[in-house]
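In what follows, chain A forms one complex with chain B and a second complex with chain C.
The block that comes next holds the complex of A and B.
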């Protein structure tokens, strides 16, 4: 299997594509606290920046080792493999949520008579092949698509901005603190908490000194994109329409028209959205295969991508059979289920490494 | 229909690829392909597939009570619903 390393810039672009995929699809945290949503999004971004620092600190202790190897080295063989299984569970959850979201969106907005299973199968065929091609190809594809995404979003935003009549983020502090904290947790669960998946590809980056810069830039851009989309969607649709729309940002994009002749601009945005969501599934599949290979001690991973794609399809078919379950899971369960793989496990790992390092330094001082 | 197609594919691919890898003395790879294909096939089987827990059921079982406790403690009213 060809393992080519990628540059920090490519990694940053991939990180942004991964985090921003379908982040503006439901805008659930905004539906919960409306005007104060900016506080929740910024708080979730700050938490992500701390998480990035922690993950990079862990990676720096073992220069060229993959996070799966680090986990097994620190926790020992069996406990380490158990921890990796927890990550596999988390990644399956993320992949299933993305697949179900994309199929729900397509069956609701564009292809009402197509079965969700067929949409998921087609998506998985593409993502499995992309994951098989490797990180280098994935990052090059991200580099190609991101300029189109940036230009399209800027143009659309300028046109939606014409319809914004008042500042939707005012008046501030209208909600109780617990509700704002809970909304921050929702925002961290989707999309920012997915950052921990990226730690599994840290070792495949050429210049690891620029890891923090790449991840931080990607997280900040994701935050800006999410804030911008929320601002425009609330401002354009109004509070009532925003709360009742299944896909508020999509509804606001539908209002954009270029003159009398060009309409249905949202189709172009849907295409770009879909590609970004594919990146999310591709990276999750790629990391899943890497971890499975590490657990079983397999060296040649090329034959694992198809069965892993089949597992993602099979689990997706048995999960979230109606939209209400999907939204309820995103609001009630995901903010809590993301804490273990994204916060607790990296914190434990970081603490163990810090204690070990301190002890080693003390020993060195005593010996000298 | 699509589920049966994928099930057939997984069974054929899993058995073919794991046999091939076993013969090439790539034993670990053969076992992983076999295990992964088996997991996918079990989920896709008509009756057994509905019994096996998914990430949705597993996480809901683990975190439902914590979520309800937090929401009750902080008086958070569930306002978001799919339209």
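The block that comes next holds the complex of A and C.
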């Protein structure tokens, strides 16, 4: 399949859409440490920025090679494929998490009588087709939707801010360090740890020199969006209502009304929110197909999109069939399971490449 | 390849399935619930659920004709069961998305708010911006009273809630705030009180939204007088006082001055009062002269300053009296001192939080400073013009 390359700006927008999809849906780290949540979010962002540097360093060693190819080149054929399988496992988790979250949100807040399976099937049809269209189409769609998202969120935020009574991030530093670290891990697990997924499309960017800038900007904007949403949700709802609400930011958006009678504008936000969540699933599916193609050495990937969509659907139908399991996965499993694909493997890869590069440099010096 | 494309096209047509969702409701099939009340029957140990509904659509060609209200009650062991039992009498699907008021009967409020609050927040259709009001006596009876103006009862109550900002002696709060305060173990809160009474010159009893109901430890504990409710309006969060405009009749020398007052500032700080840690509250008020019962030369800045000082003292006394009642009689932190201490003095709060409700709050010294400024005196200076005093 002909791979159309995208610009760093398009890539940055896509990264933001990917990271911010439904990052504000549960705000679980905030429910855990409340006023100190800003520390956790900023710590997770800083970790993400380091991760970006590491992933870009790896990519620069093999210009124009995809991360799957790099992994196989560095680790060898079988170990490399095993590592790629680990990434596939992680991506399945992320995709299923997004699908189940979107269906849970819809069946809880909007369509209580509609089957979650139907919602997930409809979502997967859209995402499968979008992934099939390729990165260029996905990034163009992200460019179209992000201005609407930015304007809608800014307007909503101004209106919610009006209801914020006191600084919701006070009092500060009231939680124990281990709890703050754990919250940072939750925040890294979701949404920031997903950064390792878009490393698989680094090779499809036109100007590789601007990779760090694009990713860093996207991560910082995602951090700002998450901080802003958390601040507004706690400030508007109040501490106890925030802990009570299943979807705190959505509950605070529900309170916004223009004038006396224009309310229920949350439905527009839900639309935009849903589209951003679709981007998450689309990119995960796109990268998943690329990795599967690499593992099996398939040259034509277009025939893989539909089966991959079917796999996601089948796994989603069997996973997280109630909200408690979904939240438990987010809080108890994801913060730890994300460490292997997002921290340990890139670190090993980076170390091997650094050692190889150092040896090569030494040999070059000796030869010269 | 063609096969795949065709399959995708076929599957995409499944997106049309969205139209087959069982969540679709035709407008002609629904009735909008405008007001809901919840009572509790102690003898039968049942909740009584009452709704005031409007049909969403009408077949009448005259759309301007006022639609009739339909009021119906049903009972059940739980609120949800009572609400569902109501469906046996309803010819339409009841929709709560437009319901702005939930009236809790005195019996239900005195029993426990927990199930009521939990039901209201858990139910998807109910908006957190709806108001929760406690009725004096059975809410069912209040629901069945006709509106004084002949309008829909729900419209009339909505108007009265809007008018709370213009007199301050009633304070209705939203479900969102009820949940936030209710689950806070260190404080109580005040919400609206709906009662019935014979109006001056009236021939039948009508409903009044006046005073407040104090919720403490999860249930209704006291009714609040109009004066104390006004104090609450001034002393609690900014969202309650920023649009507040209220009337005071301030004694000044031998005459009384009617003032229209606005709150423009409220701050709290922790201070030492008589060797104990206490709360100092500073209130800034802006006033306009509304009436005088005798001659006073308001063009004289000295007189105006004296009047401002008299208003300061008057308001300080009034607010302090209410505060003493909240602390020493009701023993309920309805202002939210605990929230202030928890947010801004966390280390002190850790020491005192265990005994806050029983010992610390009731005996905590408080001080109120009021600063009234009167920048406008109205359209006239003094009746008949100023003369030498």
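Keep in mind that, in the parts below, the second predicted complex is superposed on the first by the 367 of 368 C-alpha atoms of A that agree within 3 Å, B and C clash if a C-alpha of one lies under 4 Å from a C-alpha of the other, contacts with A are read in each partner's own complex, and residues count from 1 in each chain.
Operating definition for what follows: contacts are C-beta pairs under 8 Å (C-beta built on N, C-alpha and C of every residue); 3 or more make two chains touch, one makes a residue touch a chain.
Only a predicted model underlies this, so the values are computations on that prediction, with no experimental measurement involved.
Visitor: By the touch definition at the top of the document, which applies to A:239: first (chain B), second (chain C), both, or neither?
Guide: Once the two structures are laid over each other on A, A:239 reaches chain C alone.
Visitor: Could you look at A:118 and tell me whether it touches chain B, chain C, both or neither (first, second, both, neither)?
Guide: It touches chain B and chain C both.
Visitor: Should A:32 be classified as contacting the first partner (chain B), the second (chain C), both, or neither?
Guide: A:32: touches chain B, not chain C.
Visitor: Contacts for A:306 in the overlay, against chain B (first) and chain C (second): which applies, first, second, both or neither?
Guide: In the superposition, A:306 contacts both chain B and chain C.
Visitor: After lining up the shared chain so the two structures overlap, which partner does A:75 touch, if you call chain B first and chain C second: first, second, both or neither?
Guide: Touch status of A:75: no partner.
Visitor: In the overlaid three-chain picture, which partner chain does A:279 touch, first (chain B) or second (chain C), both, or neither?
Guide: After superposition on chain A, A:279 lies in contact with neither partner.
Visitor: Which of the two, chain B or chain C, is in touch with more residues of chain A?
Guide: After superposition, B is the partner touching more of chain A.
Visitor: Per the definitions at the top, what is the overlap between the chain A residues touching chain B and those touching chain C?
Guide: Shared contact residues on chain A: 118, 121, 243-245, 303, 306.
Visitor: Residues of chain A touching chain B in their complex?
Guide: Residues 28, 31-32, 89, 92-93, 96, 115, 117-118, 121, 176, 178-179, 181-182, 243-246, 292-293, 296-301, 303-304, 306-308, 310-311, 313-315, 317-320, 323-327, 329, 331-337 of chain A touch chain B in their complex.
Visitor: In the complex, go through chain C and note every residue touching chain A.
Guide: 1, 4, 7-8, 11-12, 14-15, 17-18, 21-23, 97, 121, 124, 127-129, 176-177, 179-184, 237-239, 342-344, 346
Visitor: Quick one: which bits of chain A touch chain C in the complex? Just the residue numbers, please.
Guide: On the chain A side, the touching residues are 108-114, 118, 121-122, 125-126, 128-129, 132, 163, 165-167, 170-171, 174, 237-241, 243-245, 251, 254-255, 257, 263-264, 302-303, 306.
Visitor: Given the complex with chain A, which residues does chain B contribute to the contact?
Guide: 2-3, 6, 9-10, 13-14, 17, 21, 26, 28-29, 31-33, 35-37, 39-41, 43-44, 49-50, 52, 54-60, 62-64, 66-68, 70-71, 74-76, 78-83
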